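Before we start, here is the structure in question, set down as structure tokens.
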Amino acid sequence: MSPLTIVRQFGEVILAIAIAPLLVGWIAQCRAWFQNRSAPPLTQPYRMLRKLFHKDVALATDASPLFRMTPYILFGTMVLAAAIIPSVATDLPFARVADAIALIGLFATARAFQSLAAMDIGTAFGSMGARRDMMIGFLAEPALLMVLFNAFLLSGSTALPNVVEASTAHPFLIDPSLVFAAVAFVMVLLAENARIPIDNPATHLELTMIHEAMVLEYSARHLALVEWSSDLKLFNYACIGFALFLPWGIATHGADGGLALGVAVIALLAKLIVAGAALALIESLSAKLRIFRAPEYLATAFLLAVLGLLVHLLLGA
Amino acid sequence: MHPSHVIAELLKLLAASLLLISFAMLSRRRTQRLITLFAWQGSVLFISTLLVAYSAGLTELYYSAALTLLLKVIALPWILHRLIQRLGAQWDSETLVNIPTTMLVGLGLVIFAFGLAQPISRMATTITRNTIGIALAVIFLAFLMMITRRKAITQVIGFLAMENGLFFAATSATYGMPMVIELGIALDLLVGFFILGIFFFQIREQFDSLDLSNMEALKED
Amino acid sequence: MSPLDWTSRYLLALSRHDLSLLLVFVLGWLVLGVAGLIRPHRVGFVARILFPLGAVAGLGGALLSGIYLITGHAPEILILPLGLPDLPFHVRLDTLSAFFLLLLGIAGAGISTFAAGYFRSGEGTAPGLLCLQYHVFLASMALVILADDAYFFMVVWETMALSSYFLVTSQHRIPEIRHAGFLYLLMAHVGAICILLCFGVLQGGSWQFTFNAMRGATLTPFWASAAFLLALTGFGAKAGLVPLHVWLPEAHPAAPSPVSAMMSGIMLKTAIYGMLRIAFDLLHVRFWWWGVLMLALGLFSALFGAIFAAVQTDMKRLLAYSSIENIGIIFTGMGLAILFQACHLPLFAALALTAALIHSLNHSLFKSLLFLATGSVLHATNQRSLGKLGGLIRRMPWVATLALIGTLAIAGLPPLNGFVSEWLLLQSFLFTPQIPHAFLNMLIPLGAAVLALTAALAAYVMVKFYGVIFLGQHREPSLAHAHDADWLERIGLAWLAFGCIAIGVMPQIALRAAGAVTGTLLGQTVNLSSPYWSIAPISPGQASYSGLILLAGIVGVVGFTFALVRVVAHGRMRRTVPWDCGYPWQTSRMQDTAEGFGQPIRHMFGPFFRMERDLPSPSDIAPRYRVHIEDRLWRTIYLPIARGVQRLADAVGVLQGGRLAIYLLYSFLTLIALLVFVL
Amino acid sequence: MVILVALGLPLLGALLLALFGARHYAAELNAAMSFATLVAVIFLVLRVLRHGSILALHEQFFVDSFNVFLVALTAFVGFTTSLFSRPYMRIEEQRGRLSPQRLRLYHSMYQLFMAAMFLALLTNNMGLLWVAMEAATLSTVLLVSLYRTRASLEAAWKYFILCGVGIAQALFGTILLYFAAEHILGRQGMTALLWTHLNAVKGQLEPRVLGLAFVFLLVGYGTKVGLAPLHNWLPDAHAEGPTPVSAVLSGLLLNVALYAVIRCKVLVEGSIGSYLPGHMLMGFGLLSAVLGAFFLWRQRDIKRLFGYSSIEHMGIITFAFGIGGPIANFAALLHMTVHSLTKSSIFFTAGHASQTAHTQQMDGIRGLVGISPTIGWGLMLGSLAILGMPPFGVFASEFLILTTAMREHPWTTPFLLIALGVAFAAIFRKVQPMVFGESDAPPLPHSPALVPVFIHLAMVLMLGVYIPFALAEWYRAAARLIGG
């Protein structure tokens, strides 16, 4: 493990932490344009974080240590996830630590802690949000796993770097199964990141909210960390998507000099811009579903993923 | 004509009459009559035993005959008689199955018994060779009687009749069992009979009748 | 070279008489049990002396079998001067039994330590008697694992059932508990009959009932399958495989918590052991459809258990159903192993079997941990219903913290042990497309999805479990003076929690232990060469996972962030009432209840349940909402059987009509019939 | 002559108790006589162990490895039962169910019954065997009707008639046997009924006759064994007689009757040379086991319940003897032993249980462990033992029987298993609520003598995990003797 790889590793993590809020800001801006509202500035998320970090914490009387620990754990898991996902380069020391399945596990851990924290205060909304979030979670995970299975079958490995390597080896060949998988993945991404049509990040309408209901009791630095880690989560999901479906430009093993890295970063930013716009478009075009439509929605995602799998097995890639 | 043949013929005759008596018992209703018939059966048994003893020249069979006379011709009928006097149980005892059917079944049983006994009588060497079939028939008929009767006493009489059949089988087919056994059997019979006697009174005082239909309480419900 | 290798070489000298030493430990358990009868009512003596000694014996057994696994030499066989004249008791120690003895020892030690603090007088059976039953239970489980002939196996197997039955019914004054005990023993007995039949088939014409003879026997495919199915039924009944699971959710809650822990954590594993013993050791052939059947049953049980656990409102019932789920996962692994083995893919078979074994070990750790935690909660609050608990994390921090570890572990979250086994299992699912059967290679990958769904559901269940018991507000005022567990209980819990973490961050240890087993059963192990802080079962290039580094990473980032936030954020912290969207009148009744948590599941998986709900009418003064969930299988399978027997019994009863003449007729007809027969 | 002593002591006891049976020390006397008998029998056993089988008194009596262990068992259980009956009968007397005169009858009949069984076991003469069986019937009839209640009279009457008729069939069978034998052995020296001689020449006996004879003997003695469908007397007699009598009926008399059947089977099989008798036994056994199991399901009376369980187990034993061969016979003998030990101990506890609850109806008996732990645990363990739960010895024999059945006649296994399963459910669901649960009944006036119970159960437990070498050899020899 050369110092260069370590530098690369940390660079990637820092990059992720740095531009995750930007992505969210960008999506918000796009949404504003699509709904021709006047858009907030791109840096809005950063400002909010800064503000939150300077506020006093108002902590519920009988909040347990778990409640106070959780924001840090969330942030930690998400940063770790960012360190694992090959967003810029594949040759990452951390990528060997956990493969894609472990990645899902990592996200699950985060979710569990967030839900527990939400239940800790013992308010009606908190526990409701926790319940709904866990529900979305156990519906989304099988779909996500099936999506990953497609990629695994193509590359014969569950380690994301290997997936990228495999698909960049013959770049212009897109396996038909991946098309299904991609659609399914996008649906899962929306669900997992509390976005329309499952949840609306912008609302505080009590009975419909999920994510917001869970973070209701957080304030100041805790809230900042929670928000930041959810931004990171979105960023990570986007990067997973890129790694699975549009790996072009990612600096592969061996070919990862300074130039390649530069290219990779550019490519990443480009992808993020496009993806963010697309996401905003989808969100503006679709309406929020009732909570009990969520199973059908995610079942569809699951079905698509399975179809992809079967197509793959049928065409015997 | 050689005496042994005569005796053989006589024995056959007795055997036949034994069977006849069993049928008669099957058909009789009055308990009193049954007892008389039972006594008759006993006496026939006694005579046949005497004949066999004489023809085979076995002293112990004489004892056996004497035993039969004492027990089955004199003692038991007399006790039974006294019993029904004391218990006032001499009235008609209606059967579970009507008489003609019983007779028909009995007939079938007799045929079956004979068929069953054939191989045995073929290998028998005694002059009383084919009487064992009749003995078997008597046993079956007694059994049938026990099944079809309702009163405790009639059942007992059936039981005793069965014993008679057994004795007849023992003497006619095998010239009687060894004396020890004979005595043992007789003793058991006597004791058993006395126990029955005690029972009758107890049953009577508990159920104030000897009708078996009262004794159907113990069952799976 | 890794510390493991070093220790192994160092300990090689010690490990020559493992078997006899193990038997000494087992005997020690029995002696302890009998010793309990000396002063049956002296809690101090029984609890503070005998149970800790039992824990020590458990540790010793675990140590021995661990050494045996590391050094892993030839099986040791012993013939005891007991048993039938023609069939003395055989005992045998090989890697498979050593692995399960390790499991038994580790979990048993923890549970015994906890029990030392838990058992108090005045609860049903006298402590001394309880001690006897408890240790007989332990000993019989150990002997089940060691037995090497059918007769001895059956004897200890039923002894195990019997002793556990007495433990379950230790509070026999409660009718439900009696009913649960009856159902349990009945199912156990039926299962035992199946196992006996299975052995009858396995001997394969040699009519020798030692396992060695069975290993030698060669069966026709038909009889081999028959034996397998009988074993699946018999051991499935003990393991709580759906649809033979009905006793489990009744019996486990009925028992005192340490007993529930032992039944769920260890006893179910003896069934797994038996299944492995027969399927991989005694049977010489394996057919692919066995694997498919087992896989299907396993997946169904897993899903079924998870779904039912999600709707439970009694904390111990919830855990019991979660046991069904985990058993399902283990059976899934075994099924995959059989399937791969039958398709001549030994490496993948080894992978699946490793997953199953490690999951057994994990489950024995976290499930006992959680059951024991419920025990402490029960003692502290006398409440079992989730609807009456809550907020205990502030009253019983120790139990809450340790239970949190168990919760995260059983939810299959990294970097704890539950995740490791599920990861391995998913890995092995990844290779199912290579099975040379059309359809199978397309259908079975979907099993991975079911598994993922189950795992996620388990997380849901466990968040419910932990959140409702330990978090939020007290749902009952009485909870305000709940007390934390005493020190012995804490040690027991901590020991098990430590196990969860250890296997989670150093899965290589468990992998090597399981590797020793697969090595003997399949002649093939997964890749064990990777360093001890990470595992790469197939190849480092294919997939690798390292709990240790993951944990280090999280801790590092969290610590760093914490420090950083300390520096940048100057905001002070003040305590206020919860905000809750500014809604002022908060009461603890407004929290989500266990029923509330079950609601989405009931909504989605309706067909699984038989539901009775009474909803309050709008004009109710004191509105009450009640929902009663019942298992459809009970009515569709079990009740009809009971009714059938009843009918037959009634029919037979007619024979005893009470009329003497009829009786005479019977014997007369019998006589005639026989005479005709000989004629 | 130790045999004569063993036979004479109970007779003497019967005589003494007929005189002093009404005194307050009668129970002790009874126990003492039984103990003396036990001692005599132990001497007998030792002799047999040392010198092998004995023939005595013009070969009228003989002891071989088959009957010696039954004699020992009978003497032992007879003794323990007399111990148990001491407090039991005291309580019955206090509750005014029995007068001193009745107790006298009871005690002397008890001894007489023992004597009859010893005679049946020890005699070499098939005729004497019959006489002894009849005597046993008569004495037990009086014991069953001891309470003189309607129910007990009815039970005794049915018992008497059914067994009397059965015994009559057996007599006819014996006559046929004699008839066949005297052609070979002749009338001289009265050897034609001696089992040893018959056994020696069994090859030459006329098969047809012996076939017939066996049918009659089987139906006759089988009635006393309680084989379905000849069993109807058994539950009534067990339920209505005093509990010690139920214990000895179940534990001993059935064994003795079966012993007689087996003796005959040996002869007949030797003569016919076919498996016909074996198959008959198997048929009866299987039928009894299955029917018995299903009967168990609907019982309300505790002693009736265990009476049916005896039918089931006698069925299993008969079945095993029917299979024949060293293993099955071994198993059958083992099962005889453990069954009589277990079943008698169960009746001991059941008796005290129904005394504590003042009823034999199982719905009325609750929470025994609460009232008297010994009774409760005794009943629980005994029932579990009789249900074939390891590590109790019943499981050992059932294991052997089952495996042999699988081997010889696989089609029978499902029936046996169904019988075992149903019996388990039926008995256990009744016993559990009796033993466990709440109760407010007061404890018994006299402390129950439950030492015998735990001695029996301990022996059964031992036989489950360890069969002493001597005993095993014994069984083996007997099994060889029975052959088949």
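As written, the chain order gives the labels A, B, C and D, with residue 1 at the start of each chain.
Here, a residue touches a chain if its C-beta (ideal position, glycine included) is under 8 Å from a C-beta of that chain, and two chains touch if they have at least 3 such contacts.
Since we're looking at a predicted model, the values are computed, not measured.
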Based on the averaged CA atom positions, which chain is farthest from chain D?
A
Heading the list of chain pairs by contact pairs is A-C
Taking the mean of the CA coordinates per chain, how far is chain B from chain C in Å?
71
In whole angstrom, how far does the Cα centroid of chain B sit from the Cα centroid of chain D?
31
Just the number, please: Cα centre separation of chain C and chain D in whole Å.
45
Please report how many Å separate the Cα centroid of chain A from that of chain C, as a whole number.
36
List, in ascending order, every residue of chain D touching at least 2 other chains.
157-158, 161, 165, 212, 235, 295, 298
What residues in chain C touch two or more of the other chains?
653, 655-656, 660, 664, 671, 675
Among the residues of chain B, which ones contact at least 2 other chains?
116, 143, 146, 155, 215, 217-218, 220
Which chains touch? The pairs are A-C, B-C, B-D, C-D
Counting only contacts in the complex, chain B reaches chain D at residues 116, 119-120, 123-125, 132, 136, 139, 143, 146, 152, 155, 159, 162-163, 166, 169-170, 173-175, 177-178, 180-181, 184-185, 187-188, 191-192, 195-196, 199, 202-203, 206-207, 215, 217-218, 220
Contacting residues of chain C [partner chain D, same complex]
81-86, 89, 151, 154-159, 162, 169, 172-173, 175, 178, 181-182, 185-186, 189-190, 193, 196-197, 200, 203, 207, 209, 645-646, 648-650, 652-653, 655-656, 660, 663-664, 666-667, 670-671, 674-675, 677-678
Per the touch rule above, chain A residues touching chain C in the complex are 53-62, 64, 66, 72-73, 75-77, 79-80, 83, 94, 96-99, 101-102, 105-106, 108-109, 111-112, 115-116, 119-128, 130-132, 134-135, 137-139, 141-143, 145-146, 149, 152-153, 156-159, 162, 204, 206, 216-217, 220-221, 224-225, 292, 295, 302, 306, 309-310, 313-314
Once bound in the complex, which stretches of chain D touch chain C?
157-158, 161-162, 165-166, 169, 211-212, 214-216, 218-219, 223, 228-230, 232-233, 235, 276, 280, 291, 294-295, 297-298, 327, 367, 369, 384, 387, 389-391, 395-396, 399-400, 402-403, 406-407, 413, 417, 420-422, 424-426, 428-429, 432-433, 436-438, 464-467, 469, 472, 476
Spell out the residues on chain B that touch chain C in their complex, using ranges where they run on.
96, 112, 115-116, 143-144, 146-150, 155, 212, 215-221
